[in-house]
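Right after this note come the structures.
One chain, subunit A, links the two complexes that follow: it is found with subunit B in the first and with subunit C in the second.
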Partner chain A sequence: MLKRPERFIIKCAQLHNSYIQSLHTTVCLSSQERLQSFRTNEENPLNHNESNTAQFYKLLESDKAKLFVHGGLPKSFETQAKTFNETCLMIRQPALDVINCMKNIDYNKPAVRFVLYGKKGTGKSLAMAHILHYAFKQDFLIVHVPWVGNWMRRCKEQSNSESKEGYIDINLDAAGWLLHFKTQNAHILSKPKLKTSRDHVWSKRETTPKDSPLLELIEHGIARIKYASETVNAICEEIKILSNDGKCRTIVAIDGYNAFFYRITRVFTVKKEPVLPEKVTLTEGFLNLTKFDWKNGVIIVTVDEIAIAEKDQISHLPRYLLGKQGFEHLDPFVPILVSNYTKKEVLSCLDYYKERKWIQPYPGLENEVEFVSASNPYKLMKICASL
Partner chain B sequence: MATIKTFFSKSGLFKQRICVIKSCIQQNGMSSYPSFYINPIYKKEEQEQLKKEGELSKLTHVPTRAALNDQTCSFTQDPDLNLFTNYCMSDGKKVLARSQVEQTLESIKRLQLEKYHKCKTDEDRAKIELNPKVVFHKAVENCKPILQLTPIKRGGVKYQVPVPITAKRAQFMSMKWLISAGKEKEKPVRFHLQLARELIDASNNSGRVVKKKQDLHKQCEANRAYAHYRWS
Partner chain C sequence: MLSYSRSFEKFLFSNVEKSLPFSIAYSTEVKKEVKEEFRVLNLKNVKRQTQPKRAQKQLEALPPRTNKMPVDQDWGSVWPGPRSFHPASVPLPVRQGYVEKGVAPDKYANAELIKIPNFLHLTPPVIKRQCEALKKFCTPWPKALENDKECEKHFPIEVTSSDYCHSAPTIRNPLARIVTIKFKLSSLNLNERAKDKFLRLVGERYNKETDTVAIVTDRCPLKKQNYDYAMYLLTACYHESWNVEPWEELKSEADMEYYDWSKNASKKSVEALFGKQTEDIPNVKEYSEAVSTLMNEGESEYSVTKYGDSVRKLLGLPDAPKT
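Moving on to the complex of A and B:
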């Protein structure tokens, strides 16, 4: 396996793109006065490039309200954003790599799978948020699951599936996801070309006919919570067909993907027996979406230790977390390591905190904090909380 | 140990042989270190200071105690805050106590920053103290009493007599009051949040703890007629 395969792809693709990129950076430097090196005024992720690494950019409230209103940003990050009175994301290498790949891949080929992996608290979810923001600006159809762990380990209610024997529905969570999907894609779903390809029969009286808009399907799922799980699967299927026909370009972003393959869930049957993840109806739809038998799409998943039980949090590597079955399901994929902060990123982060009046400067602060936190972004945040 | 020594010296027992007894009984309380061990100098600035004065070479080969686990050379280290953590601690759960105090500092910052962002003008903003440690020190300073009431029995009646207190005692009382005020709360409110609110209030010279201090002073003022019972 290549050590950094994403670099290889970028290098291959850069040949025809390098001219535009170099032109762009020159414009960037001359037009914008950079008063502070830790912050960039470039709010559009389309224009972020290598020169912006370790800089913070502001996520506009309007974009945030459309993208992350029903989850997607970690809770601790949300509290920070509330305190700082703004939402800023750091531009980091993994997200830039994925965005560069997304700019250059051929969408007529089967969907490319990216797997973000890394130790706890290194910023996988935030890298995902950055990528999602890019996709949002590029008018992708966003299929985003904020945290699979919420379904498999902390589901709100469960019931036996009516259509399939032996399967378990988690309808409230499914309806929540439908709402999330609807808010994220409000502007795309209003387009008339997104239509269902076949009749969806829910019961004797309820059917969604062929050629009805996708929005109708979603609203049916939200209104009739009993059928929410099946609706999710139907939507996943429809999205695949629509992208294949070239009617929309899709990004599938799933956070905590390995929870789909972890044997021990906290979903229980009526007899209080634990359910295997593949016996949860929602799993099927998203596993279907992460196959590479469709085009016009890109798939980004994160594998995370926190999505599985604490006793099994041994390694952060994809092969361990996904298991044999999951690894074979995803293979071939592009692994992207999200690592700890570099020195530059630590300094930039501390500068940002100082600017936001979050920490008081004292001599030797940078060295000490970097050493104590071992450059881990989450630990750095925790340590700075009491300074 | 000190009480035994004073008892012997006052009563006049073993007057001649007091040195012998001294050598028999343990000198240094419960400490595992002999009394000639010196305390460690763990602050970098103090070490630099000693180096400049040339004192450091004298201390090099003197037996030294190991530093305690809360004594670090970090700039964030604060002896008063460590003391406060120890007062917060119950049953020796230091990790918990430390996390509570750290969360308190965090809550102070969050509360103050929220106010800061609400302010319209720069003048108002300048008034808000954003450094949680400064807030803490101010709060402790503002809550220190100067007198306290001690019951003294005269003629079969106990009188509440106002007596002056030492600086150490005043600091202890101030911290104790702040912590107990943090514990007086509704159940869903967290200790660190309540403590943060109390600290901010106290640093602005208002709130329950400052009120408590003033009440004590008033009581002392009312009982000033008994003051002479201290010595007569």
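Moving on to the complex of A and C:
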């Protein structure tokens, strides 16, 4: 059923590209001019290091098409990228820090958890995108949830779980995620060694036998939306077993992770009663994946104020956002602060906008923009954007 | 018949009596008119000649007592007790107050001097004399109690009460019944649990900064009773805090008033992570301290960073870059 939407989405993306190419505002600059301090030609995140901080690098269209087709980049950033006719990510300290840790992790030890935290609009999701790009280049198996809030607060539909009493399935979202997972890992899933460890029985007639490829499981979930939620949990379980056996190396990246622990969701039962997050079937699988009891994996989550209701957006710190239960679930984790732009980063960002002919330079521009936006990356983008 | 005649006689006589004065009055009025002047009709009420008022005899104020005071007088007998200022008794040219122009007003009729309290009754020779008088009631200071530390050690409880001495119909002052006892919490023999319970029992009577407990009793009418009651309270609180009630054993982690790392999920997960006992894990102490601070002192940018650093050390990850 979702095969058609998939085709539709791809077509849309192609249409957009052609449309933008005919209208884009930028003039193609010679390669020499591009070699300025705000931009690096190093497009492979493997080679990024401290000297590249505050520089922009280009995310190749081919990579983007594999990684972020079904979400992963914030919407406003996506729009800007379309206007600029290229997707450029700034190399910033938090992402470099995580990447550096990932290079040094002993993968035979239990999975390490990283928690990206920071105030609204400081670039947690984009830091995550940078890390994902690195993991993609390193041939990690990517388990990426673009935004948990979409499940807990804006789910498309809900139904009672058939296999588990009292649980709620959000099957359309689950199928959407399966599609996302499949696209991101297309090149790895085709490998023959990724096989299921046990029989998965869906109904009397439908089973996925042992030693069938993981891809088959995913495609079954997409085709039979009724079982999508359970398929997601099954895949999470399989990934854990496969990684433990050393058949693949996995990165778990979950954006807005604290929504799994926020008591008030907008998922409702048939009787219109709000459902606790742990009663949503999908939660189980991802909480299972974020435990430390497996190896060959690294877990990166973000905690974000936006993932919870507005009245509770009091603090941006991880203990508050995760709550007691969430903290105990993740503990010990490495908190990584994503802060506002430094002076250097503001200048670099404005240089990039100038190069894209997005803003008009005038004396005192840098100081004014820095002051008005309070160095907040999102605000800076909004101030420089069109009306 | 006789009675009748008598009554008639009486009647007649009384009639004669009534008519007689009339005739007399008439005759005297004629005589007066002849003697007096013609009276003036005084319609406008013009003042006539008035008698001069007798002049009030001004009382002469006595010269101030200070004029007669000898230089070597005994000041203690002039001013024996606390009293508000009196200019004639104080042989000092004191001035007090403020005027826009000119000098400060002198001591006579000076309300400012009367208002302020004075210590004229507490001059050094008087104090010395009073101390001498009291000396015979005192006992020598114990030699073992040389400094405050020794005193505190041997007499951990400090009892404070007030006596009032004043002239009034009653010599009893209700404020004299109030007794305050103070002691250091460290002087009590309490373990961690008992101390916690003791602090809960005494509540706001405990001062954390000075580590002292102050119990004030004023519910009984007499000082002795209040003192006994304070001692009773101290004893009761002490023994009660050592008592362990059956329901206290039910205290679970959720009831804890502070975060104890060794009793929490954090310890269990770290042990599971390493597959070892806590004691065998390197760098675990710093980590446990960081978690405890994070939980007990609330979350801040600083405590989260500290936590992160300790986790990195625990898991053997590279240090966070310095910004």
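What we mean here is this: the second predicted complex is superposed on the first by the 351 of 387 C-alpha atoms of A that agree within 3 Å, B and C clash if a C-alpha of one lies under 4 Å from a C-alpha of the other, contacts with A are read in each partner's own complex, and residues count from 1 in each chain.
Convention: a residue touches a chain if its C-beta (ideal position, glycine included) is under 8 Å from a C-beta of that chain, and two chains touch if they have at least 3 such contacts.
In this text the structure is predicted, and so the values were computed from the model without any measurement.
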item: If touched residues of subunit A are counted for subunit B and for subunit C, the larger one; value: C
item: Subunit B versus subunit C as contact partner of A:Ile299, first or second or both or neither; value: neither
item: First (subunit B), second (subunit C), both or neither touched by A:Thr83; value: first
item: First (subunit B), second (subunit C), both or neither touched by A:Asn104; value: second
item: Subunit B versus subunit C as contact partner of A:Ser386, first or second or both or neither; value: first
item: Touching partner for A:Pro363 - first (subunit B), second (subunit C), both, neither; value: first
item: Which of subunit B and subunit C A:Ile336 touches, first, second, both or neither; value: second
item: First, second, both or neither for A:Val275, with subunit B first and subunit C second; value: neither
item: In the complex with subunit B, residue positions of subunit A that touch it; value: 79, 83-85, 356-358, 360, 362-365, 368, 385-387
item: List of subunit C residues in touch with subunit A within their complex; value: 264-266, 269-270, 272-273, 287, 291, 294-295, 299-301, 304-305, 307-308, 311-312, 314-318, 320-321, 323
item: Footprint of subunit C on subunit A - complex, ascending; value: 50, 93, 96-97, 100-101, 104-106, 109-110, 112, 117, 292-293, 315, 317-320, 328, 331-337
item: Subunit B - residues contacting subunit A, complex; value: 74-76, 101-103, 105-106, 109-110, 113-114, 116-117, 130-133
